[in-house]
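In what follows, chain A forms one complex with chain B and a second complex with chain C.
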Partner chain A sequence: MRVALHAEWTKIRTVPSPLWLLVGTVAATVALSAGATSVVNCTASGCGGDTTKLSLMGVYIGQALVAILAVLIVSGEYGSGMIRTTLAAVPRRAIAFAAKAITLTGVVAVGGTVAVLGSVLAGRLVLPDLGDQALSLTNGPAMRAVVGTVLYLILIALLSLGIATAMRDSATSIGIVLGLLYIVPILVQTISDPYWQRLLQKIAPMSAGLAVQATTDLHSLPISPWAGLGVTAAWAIAALSVGGLLLRMRDA
Partner chain B sequence: MTSTVTRHRPSPKAGRYGFLQVLHAEWTKFRTALGWVIGMMVAALMVVLFAVLAGVSSNQKGSSPVPIGPGGGPVTDSFYFVHQPLAGNGSISVSVSALKSSIPKGPGDLRPGIVPWAKAGLIIKQSTRQGSPYAAIMATGSHGVRMQDNYVNDTAGLPDPVSTASVRWLRLDRSGDTITGHASADGTHWTKVGTTRVSGLGPTAQVGLFVASPAAVGGGGTAGSVSTATFGDLRIQGGLAGSTWTGGQVGAESPSFAGYPESTSGSFTESNGRFTVTGAGDMAPAVRDSLPTGAHLREILTGTFAALIAVIVVGALFITAEYRNKMIHLTLAASPRRSRVLVAKAIVLWAVTFVAGSVGAICATPLGERLARRNGVYIFPVSSLTELRVALGTAALLATASVLALSVGAIFRHSAGAVTTVIVAIVLPYILIAIPFIPAGVSKGLATVTPVAAFAVQQTLVPYDHVASNYTPYYGYYPLAPWAGFAVLAGYALVSLAVATVLLNRRDA
Partner chain C sequence: MSAPGIVVAGLRKRYGPTLALDGMSFSVRPGLVTGFLGPNGAGKSTTMRVILGLDAVEEGTALIDGRPYRSLRHPLTHVGSLLDAAALHPGRSGRNHLLWLAHSQGLAARRVDQVIEEVGLASAARRKAGGYSLGMRQRLGIAAALLGDPPIIMLDEPFNGMDPDGIIWMRGFLRSLAAQGRAVLVSSHLMSEVQDTADHLVVVGRGKAIADAGVAELIAAASGNRVALRTTAGAHAMKVLARAGATVAATGRDTIAVSGLPADRIVTVLNESAVPFSEVSAHRATLEDVYLDLTREAVEFRAATPTEVRR
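Right, the complex of A and B next:
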């Protein structure tokens, strides 16, 4: 296992695209977060919304880059034929797959933490008066939002890894992951029946998972913060199981 | 070309034959790759599926019917009306010396403010039924004196808002179906604002004072406002002598009426010939955010977004798969004029996607509309020509986006990079303009310069100069005209195709 992990770490470290995608994740996340907080109208009584959630809005974009990074780790190997070398070196495919997942988790955890903390910092700089109350990391709900967002990014990465292992093609995998993430939030706007709206928001990986960012009006959410993240985790586990199973069953 | 050539053959003919072969080769490649055919089917299916979902999941049963104006379009017809019957021809005049509006800033926090299209004046209307024909002359919050009729028509009169220092006299004359509006700054020198024909007023119309106050627009949403006007010198000629003035809210229960702010209501008082009237609502064509129970075609075609992802993936793979399995060497050996290969690919891909998109959109539109109507949703009416434009425009949008993906794929020679770039270029702006609180300027800018501008082909709503509203892409109003918006995407696709051609010719495959 240690050898497999070391191999995966070497691969991810020595190819330029993962690093650039991570840098892109941080940049895009912080940029969108700062943009979102700078357009909000604040009065002395508040910003008319959930400041914490708003300042973490950058993950809307950041998660796309994380997903692409995760997809490329697997499908890049299928594209170049490297997968055959990988599986020849680590014949137990479950271990090879687990090593990929663990390496990816570590890399995204670091990148995600930097991106999320950068967003919080940007929020505090843009909203100096309110930032201290809403974005303080000693505040329970804000802490939950920050930690939850990093976990969310990791889960999205694992979900993408599972889908990419099942599909083996980068373009198809990226299409499926991004569709899965973004279609429901867009669809919900055109649905006027509140029952359907809440149902879709409860089961979609993005809408449910990002409930963890909410710090106010928790009772009006379709799903509670940690349960929402649980839904995203269920998606990730399902995708990893399917991907892992197909990896075992098929010829590479 | 081993056959003996007996005559000089003009090269264009041989060239065209060659191109047809390349085209045929590309078509064969496309139709025999199962994944791509499935991708196109998925795209068409997504459009239909989402239309069904949007139709099934909407629920407006039990909401009041949407008032329909004389032109057949949905209208807002809610205002405070102080009226009496006027039999046959006649004339009514009044002075307006104040028009003040209040806008809620928070729950229970009503502050004085300016509502640009707050209206106070005279109206002749068939009846108090919502949507009935009318003509009116009015002072407005910040658009001066206006004469309006039948919701959609609007003529400007004297500028400047009213105050005790600048009182406005207004007059309406009825002669059959012809209504003439006059305005004056002193009550003696009148200038004509406009003449209009309003059919269907009937032998006895309702005539009188009205105050309307449309929802104030701000921060990406609207808030119901209330306005109070002071009238004097009310004179009526003709009509039924001795009738008393009756006050009441027209269209109190209407889906297009935002309602009165908390703890306010419509009213009128009279003392010594001075009328003080308080009202809310508007007399205007309904727009997207004044009709929350409505839906328009773009909302039924939400699946375009899902289809877009599918056609981008197929478009990129159509070329990058050749690079991955080295098929490109064979392709270029068979057709050494490389630019032709790319053009043939673009033509095949565009045509296939266009057909898939048309099938999807043409099936989805009536299906989604029918399901939504059954659930009580009011669909903004469009002509069949517009409906066709939306369906074919959607197909062209998908087709052009897939060609863009093909070109970017030829530039990158790698599917992940190509798909990511195109999705970021199209899908990301789409998601940003779908966020309701993105500032209007940013949202309109994105819908002008990014490929998302092409979604203007799905616009069926009409913005009105005399209705203040959030005319942003979020509500279905795009800054560019339908085909101009499409041209933006086509421009991106053509430029990428040109770059891809140059690179394909220069680089080793």
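Right, the complex of A and C next:
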């Protein structure tokens, strides 16, 4: 396992695209977050609304780049045929797969932390000091939102890795992941029945998982913050299981 | 310990409607270069993937020094292989490609630089592999196969894309690997590529081995006691020789292949019947003849003319 991890780490750091995708994740997340916070109207009594959630808004975009990074780690190898070299070097497929998942987790944890802390910092710079206390990391709910958002990005990466291992092809996998993330929120807008609306928001990986960013008005959420992140985790586990099982069963 | 080298026994593998392997059995022994020959689609690459535990079979076993590949710890120190030289990330340098492979086996970077030297890739090692020629990729693939200093080396079509110098280098290189006591399996669909290199040949067609013998043995068997006869009175000669119990076939305008009679008997028979002839000689088959003979039945995608198969 240790050598398999070492190999995956060497792989990921010796091509330029993962680094650029991580830099892109940070840049896009911080930029969108800063943009979102700059349009709030603050008064002396506060800024109104959930400023923590607003200042972490950038993950809406950042997660797409994380998903692409995760997909390319496996589907890139299927595209070139290098997966056979990988599996000849590490023939125990559960180990080969775990090594990829752990390496990805580490890389996204670092990139995601930078992106999320950058967003918080941007929010503090943009919002007037007196306006809001919500962005202080000593504040419990704000801290939960920050940590939860990093975890959310890791889960999206693992979900994407599982899907890419099952589908093998880059374009198909990216299509499925982005569809899963972005189509559901659009679909929700078209549903008029509030019961179905809330149900969809409870089970969709993005709307459920991002409940972890909410710091105000928690009772009106379709799902509680940690339970929501749990739903995203369930998606990731399901995708990893299917991908891992297919990797073990199929010819390379 | 059980048999060293590779032992493949009774492999059966189906891809949808295609029966890719149909009872493939042979072994690859230490100290020899074994040529793995067969026409396109005969099942050579599939067999190699099965040996490496990449593809699963319905029946049969493939063992490395008596053990299944998937059970090997640090497998590249047991078997070095090259299946597809193009299977690289184009944005990674050749050296870094070898580096991750080395790390996957717990090997140090020093070993990477050694194998780069050995295959003559030092000047290009730090360039992106995407810019390599096919010949350079083959050398990088060979370097990867050597990385773990394995006792078994398995190469799928390593001559592909090599220039004449590269082919000569590759031949000497394969010989030296066998001379070091390694078991070497090299596939090709051209006899000419392996005939001067291989000690042993496994000829395959339609998913099974149709010959598995030493090079000298194969030539002797195919040559039989055939005698080549040159005469201007072909029809007459064939008639008298057939009557004397020989099997005859015209092989050219004035040449006949005779088998079933020794050369001195043939001369006597011809003299008795006053058939003129200018030459009687023992026929020696070339490996190319042997190969074409063996695979004639098994060629799946026959080229427009036989000469094209012969290249």
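One rule holds for everything that comes next: the second predicted complex is superposed on the first by the 249 of 252 C-alpha atoms of A that agree within 3 Å, B and C clash if a C-alpha of one lies under 4 Å from a C-alpha of the other, contacts with A are read in each partner's own complex, and residues count from 1 in each chain.
The working rule: contacts are C-beta pairs under 8 Å (C-beta built on N, C-alpha and C of every residue); 3 or more make two chains touch, one makes a residue touch a chain.
The shown structure was predicted, so the numbers you read here are calculated from the model rather than taken from an experiment.
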| item | value |
| --- | --- |
| Fit-or-clash call for chain B and chain C when the two complexes are aligned on chain A | fit |
| Of chain B and chain C, the chain that contacts the larger number of chain A residues | B |
| Which superposed partner A:Trp20 touches (first chain B, second chain C, both, neither) | neither |
| Touched partner set for A:Leu87, first chain B, second chain C, both or neither | second |
| Touched partner set for A:Ile68, first chain B, second chain C, both or neither | first |
| First (chain B), second (chain C), both or neither touched by A:Ile183 | first |
| Partner chain in contact with A:Ile191 - chain B first, chain C second, else both or neither | first |
| Partner chain in contact with A:Gly76 - chain B first, chain C second, else both or neither | both |
| After superposition on chain A, the shortest CA separation from chain B to chain C (Å) | 11 |
| Residues of chain A at both interfaces, chain B in one complex, chain C in the other | 76 |
| In the complex with chain C, residue positions of chain A that touch it | 3-4, 6-11, 14-17, 76-77, 80-82, 84-92, 251-252 |
| List of chain B residues in touch with chain A within their complex | 35, 50, 53-54, 57-60, 106, 219, 293, 295, 299-300, 302, 305-306, 309-310, 312-313, 316-317, 320, 324, 375, 377, 414-416, 418-420, 423-424, 427-428, 430-431, 434, 437-439, 442 |
| Chain C to chain A touching residues, read off their complex | 49, 52-56, 69-70, 72, 74-76, 81, 83-84, 86-93, 96, 99-101, 103-106, 144 |
| Residue ranges of chain A touching chain B (in the complex, touch as defined) | 39-41, 45, 48, 60-61, 64, 68, 71-72, 75-76, 79, 169-172, 174-175, 178-179, 182-183, 185-187, 189-197 |
